Structure formats: C-alpha cells, structure tokens
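Should a chain be cited, it is by its letter among A, B, C, D, E and F, assigned in written order, with residues numbered from 1 in that chain.
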Amino acid sequence: MDKMSKGLAQVELMNGEFGMNAVENVRRKYPELAPFVVEFGFADVYARPGLDLKQREIATIATLTTLGDAGHQLEFHLRTGLHVGLTETEITEVLVNCIPQIGVPRVMNAFQVWEKVLEERRAAAAAGSA
Amino acid sequence: MDKMSKGLAQVELMNGEFGMNAVENVRRKYPELAPFVVEFGFADVYARPGLDLKQREIATIATLTTLGDAGHQLEFHLRTGLHVGLTETEITEVLVNCIPQIGVPRVMNAFQVWEKVLEERRAAAAAGSA
Amino acid sequence: MDKMSKGLAQVELMNGEFGMNAVENVRRKYPELAPFVVEFGFADVYARPGLDLKQREIATIATLTTLGDAGHQLEFHLRTGLHVGLTETEITEVLVNCIPQIGVPRVMNAFQVWEKVLEERRAAAAAGSA
Amino acid sequence: MDKMSKGLAQVELMNGEFGMNAVENVRRKYPELAPFVVEFGFADVYARPGLDLKQREIATIATLTTLGDAGHQLEFHLRTGLHVGLTETEITEVLVNCIPQIGVPRVMNAFQVWEKVLEERRAAAAAGSA
Amino acid sequence: MDKMSKGLAQVELMNGEFGMNAVENVRRKYPELAPFVVEFGFADVYARPGLDLKQREIATIATLTTLGDAGHQLEFHLRTGLHVGLTETEITEVLVNCIPQIGVPRVMNAFQVWEKVLEERRAAAAAGSA
Amino acid sequence: MDKMSKGLAQVELMNGEFGMNAVENVRRKYPELAPFVVEFGFADVYARPGLDLKQREIATIATLTTLGDAGHQLEFHLRTGLHVGLTETEITEVLVNCIPQIGVPRVMNAFQVWEKVLEERRAAAAAGSA
C-alpha cells in the first residue's frame, strides 16, 4: 500500500466520513498541502504504534489548544476525539487540564470551538431520534 | 482537608519524593508562586475526576512540548508521566505525535530534555542493580 | 465570604455591569471554566494587594496584546481599564509601548479591538448626551 | 527627504496603489501606529540595502506565516511579494518551506489567505482580459 | 538633539549606568541592532508622553514575561523597573498578575530571572552597608 | 533512490560535512526523530523545486528567528545559509528584516547565535590562512 492510501485509510479509521470530506477539501483547495496532511500527518505519525487512538487525540487536542490560533484543526481533532471513543467529559477535561500551563484565554478559545462541536452533535442526535 | 494539603497529597501521588522535593524548592525560592502551583495546579486541576493520571500526563506533556520554552516544567512532567505509569514508548510517542502540529524544532528540544530524564533513569537502575 | 463571592465582588468592582454580564455569560456557556475565571483570576490574583487596579490593567492589557490571539479577553480588559480609571491616552500608550518588544502586527491587531471599544464608547456618550 | 516621505516612497515601490491605500487606511484609523509602519518598517528596514525586494518578501512572508495570527499583514505581504516580482510558485514554496519548522496548522492558515489573494488576482485578470 | 542622543539620554534616565553599559554592549557586539534599540525603542517609544516611566515598565515587564524566551531583555527591564521607582512588591505582583492569562511556566521562568536580580541587589546592598 | 538516501544527499548538498555530522548526531541521539528531519525536512521539503537554496535558507532563517526558542536549529541553518552561498550581509539583513514584525528581543537572540557562527568562521579562516 502506498503512503497516500495508508494515510487515507488512517483518516477514515480516525474520523470516518467527516474526516474524508475534510481531507478531500484540503486536496481540492490546497493541493500542495495534502501530502503533508495525509502522508506525513496520518500515515507517518498518527498510524504509528505505541499509543492508541484515544491517547493520540488527547495529545493532539492539548497541542492544538496550546498552539492557540488553529481553530479549524482543533475542531477537526475534537470531532476525531469523539469518533475514536473519547467521552465528552474526557475532552472537556483535556481542555481544563491546559489551564495551569497556558492560562485561561487560549483554553476559553478552545471551549468556544468545543461548544460548537457539541451543539452540532446534540442537534444531529435530536434529529436522529426524531 | 484544606486546598494546600489536598494539592500536596496530589503532588505526592503523581510524582512521589521527586515531586515533593520540587514543590518544596518552589515554596522556598518563589513563595508567591507556590499556591498557584500546588493549590491551583494540583488541587484544582490535576486532582479533578474525568481523566486518569496517565491521560492527564499525556495532555500535559503535549502542552509543555508545544509551549516550547518550559524545559524545567517539561522535565518535571516527563518524570511524572513515568511515575504514574506511562511507558517510555508512550512518552516518546507523545513527543513524536506533536510534529505535524508544531514542527520539528520544539519536538527536538523536548527530546533533549527527555533524553536527560532517560539517562538519569538508566543510571539509577544500573546503580540499583549493582 | 467564599471565593466565588469574593471573585464576583472583584469583577463588579473592576468592570461593573459589563463585567458581571460577561462573567454570567461564561458561567452559562462554559460552566467548567467559570471557577477559573472568577475564583482563580479575580479572587486569587486581581484582588491581591501590591498593585492598584490601574497598574493591574496596564499589565493585563500588555499581556493580552503580546499573547496575540485573545481578542475577546483583550476587549474585556480594555473596557476594564477604562472602568478602573485609565485614560484613553494611557491605554493607547500601553499598546504602542509593546511595539519594540513584539513588533507591529500584534499591536495592530490590538488597535483593531481598541478602536471598536472606543467607537462604542463614543456612540454611548453621544446617545447619553442627546 | 524626511523619513515619512522616504517610507511612503518605499511603500509605493513595493506595493503600488494597493500599498498606498493600505497605509492611508492605517493613517486614518490608527494614527499612532502609522509612523511605526511607514517610517520604522518601510524607511528604516525595508528600504535598507543588502537584500533585494524579492528576498525581503520571502523573509517577511515566512516570518508572518510563523507568527501565526497576523492574517491582515500576511495578506498585505503576499500581495507585496507578487508586486515585487515573486512568482506564484515561489510564494507557494515559501509557505510549504515553513512546514518542517512550524507544522501544518499555521501553514494551512497562511494558505487560506494566499488562496484569497490568488482568487482576487484571477478575477482581476479575467476582468482585464474580458 | 538627534535621535541617537535622545535615545541615549532616555536610556540613562531609565536605567542609569547599568543601562548605558548594556547599550554600549549592544553597540559593540550587534552594531546593526543598536539603532533599533536606542532610536526606535528608547527615543521613539519609551520617551513618549502619556505614561510615566513606572507605568511603562509595568507594561514592558508584563510583555516580556508573556513573550517567554527573552530572559536578557526581561532582566534589563526588571532592573529598569527598580531604577524608575517600582517597588520589589510591585514588580513581583506584575509577574503574578500574568498567571491567569499565560499560565504558570512562563511566570516561573520570569521569577527565576527576578530572583537573580534580587540576589544581586541584596548582595550590593550588603556590600554597601559593610 | 529511497527517501532517506535522497534526504541525506540533500543534507550534504546544503550543508556539507557539518550538516552530515549534525544529522548523524540526531540519528544517534534521537533515532525516532531522524526520519522526520531527513526524509520529511530534507527530502520532502527542502529538495522541492520552485525556490533555489539561497531563497529557501532566507525563508528558513526568518522562520526560526520568529519561532524564537530554536537556537540549535537556527545555528544549523545560519551555517547552511553560508554554505549555499548567502553572504554575511544577506543573512544579517534577514535578521534585521524581522524586527518590524516580531520586535527586538527575538532578533537579538538570533544575533547572539549568528555572532557565534561568525566568530567560529573567522577563527577557522584565520587558522586556515596561518
């Protein structure tokens, strides 16, 4: 399997249809970036053994919260975290856990993205149970 | 139990004698900071339910690697990660997992600290088995 | 007085009705964050002796301008600065004072928020004097 | 020639009518900042010998991509880069070149701004050739 | 008075002999940087009206603590803060005031520099009173 | 040619024996990182067409100066810049060019590394001509 295929399989494993659509969007809009996202990010790093996917998403969500101006990537990985099985409480706690190290503002910015993800999730659940 | 005692108990739980010595050092050198480290960091945040200690240290190590100029705090939490049961491989993978989001230099800086922690650990193990 | 009450009193002292509404908004939208904003930020830090409130807001506005991606928090503290008695000129000078240390772009981003606060203030003054 | 005139001549040289309009906008909205942008940035730094303007814009675009929350300034310098003669491919490569050092998210944020500049350029070219 | 002379007078006003020696050191080691430090920093910014020197140093110390990897500049401005009349307590409180916005590690790094400045000051006072 | 070989050839092209030694050091000390440095950095990015090596090093030096806590990587790329043919003046100007966007402290930190590289270069030239 070539590296692009390996990376795409990892995207699908980690974030299902939402992930594949997001990557397709990157490939169409920023073709030079797509190999770095898929082959480098997903095939070379996120597919490595040694951490399970829940552990990887805890690390990635903490990293993106700390980085501070990566709202789109954070939203992607908050959804990925839910998709690989982190609970809402676990993700909320990853954000809270950052406060002593980076302070309140960047964590509040992350909560703003997280709240948006949760609202869409509740709306989808409500629509599904209707 | 007051918050300082709760925080100190959490320090001991998470990092044993090394942790208590480090906190004692902060209390002596930077007395104004000690309540923020112990009460705010350990009692109000790290003692929260919702994540186990291994998950918390994955998040904290990723945060400090991303922050980039917090070598002393990173060293403390690399040791804490080992103390709460993360394997060497898991911690190495947390560092590698940061590369796509923050690039190589800050991860290499974190590896430099990690290598120092590992060397001391191997030296202690060698001395212990002598 | 418990710490939440002490923090809320400090919010009201520092930013009046605007501050209380903003904190109420945080409590409603991000309940996990509210204790960190009110108890930790306002009761444990901003209510400390040693600096008067004008001095604290000079420091906080400089910090948030430097942090760079904290527009909402900067807007809150620009309003707080005016509320505790900093003049418009003093606040403008705090922003200009950051240029040698952090360069023009983050200061220009801060001026964009500051201009918005000033426009609302002028509109309110015009409405009040009508 | 005084420093303001020297700076304005440098703005016009580097970014033509677009640059002069942007500077005029800064002078009107943030009069305290204008001397720092024009005299300090353009007269004291960008007009220095030792690098040609294409080299300067490569450096400035890399700096603003790395800084990470300076979208307006990045847009200005992406346009300046084109104006001084960098090709679209060269600018795209400056952004890609940042990935190993700063990771994907800040580069993707820069690509979002770059895509906007390219779309406007294509629309203008299409209108011009109509 | 030309701008270099104005800047040097401002350095001497703000930090006396220590400041003049530090600037002389910059002029000797990094001659290209000296005009930016003296003319731009001290003449164009720190000599502006609108804030007194104690207010300026509160802002500058907060900025440098937040920037996080500027230990030499922070040390210079901690000494400058004392020279223009800030008390030790006021400076300590500026550092503590940063915790809610930027977290503990960068503030602890600043305390490490501050402790060094205080120790030298106490040693000098002890020597002076001997 | 596999990607590791392609990357190593690019290291040698860009930084000769010094570069090969530095990469060998990374491979020995941080084996998990070496593929990211050599295959990802040098083969996938720095070997791309579209910019010549002098242009790439201008961009990389500006990026690392801005990142601010990457002294080892900056030193490596300052040497690489000289090796691919940038003049001392061009590199000095890349550093100065960052001042308007990021301020003085991070540029002064970069000058400190640059001065070290220049001193070693002059010592080597003096030894060579003896």
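As a working rule, a contact is a pair of C-beta atoms (placed from the backbone, for glycine too) under 8 Å apart; a residue touches a chain by one contact, two chains touch by 3 or more.
Model, not experiment: these values are computed from the prediction.
When the contact pairs of A-C are matched by residue number against A-D, B-C or B-D, over half are shared only with A-D.
The chain pair with the larger count of C-beta pairs in contact, out of B-C and C-D, is C-D. Chain C and chain E, compared by their mean Cα positions, are separated by 24 Å.
Note: centroid distance chain A to chain E, computed from Cα atoms, is 42 Å. Multi-chain contact residues, meaning those touching two or more other chains, occur in chain B at positions 36-37, 40-41, 64, 67-70, 73, 92, 96, 99-105. Considering their complex, residues 26, 29-30, 32-33, 36-37, 40-41, 64, 67-70, 72-73 of chain B touch chain E. Interface residues of chain B, counted against chain A in their complex, comprise 36-37, 40-41, 45-46, 48, 50-51, 55-56, 58-67, 70, 73, 89-90, 92-94, 96-102. Those residues of chain E lying in contact with chain D across their complex are 35-36, 40, 44.
On the side of chain D, the complex with chain A involves touching residues 68-69, 92, 95-96, 99, 103-109, 111, 115.
Contacts from chain A toward chain E in the complex involve residues 99-105.
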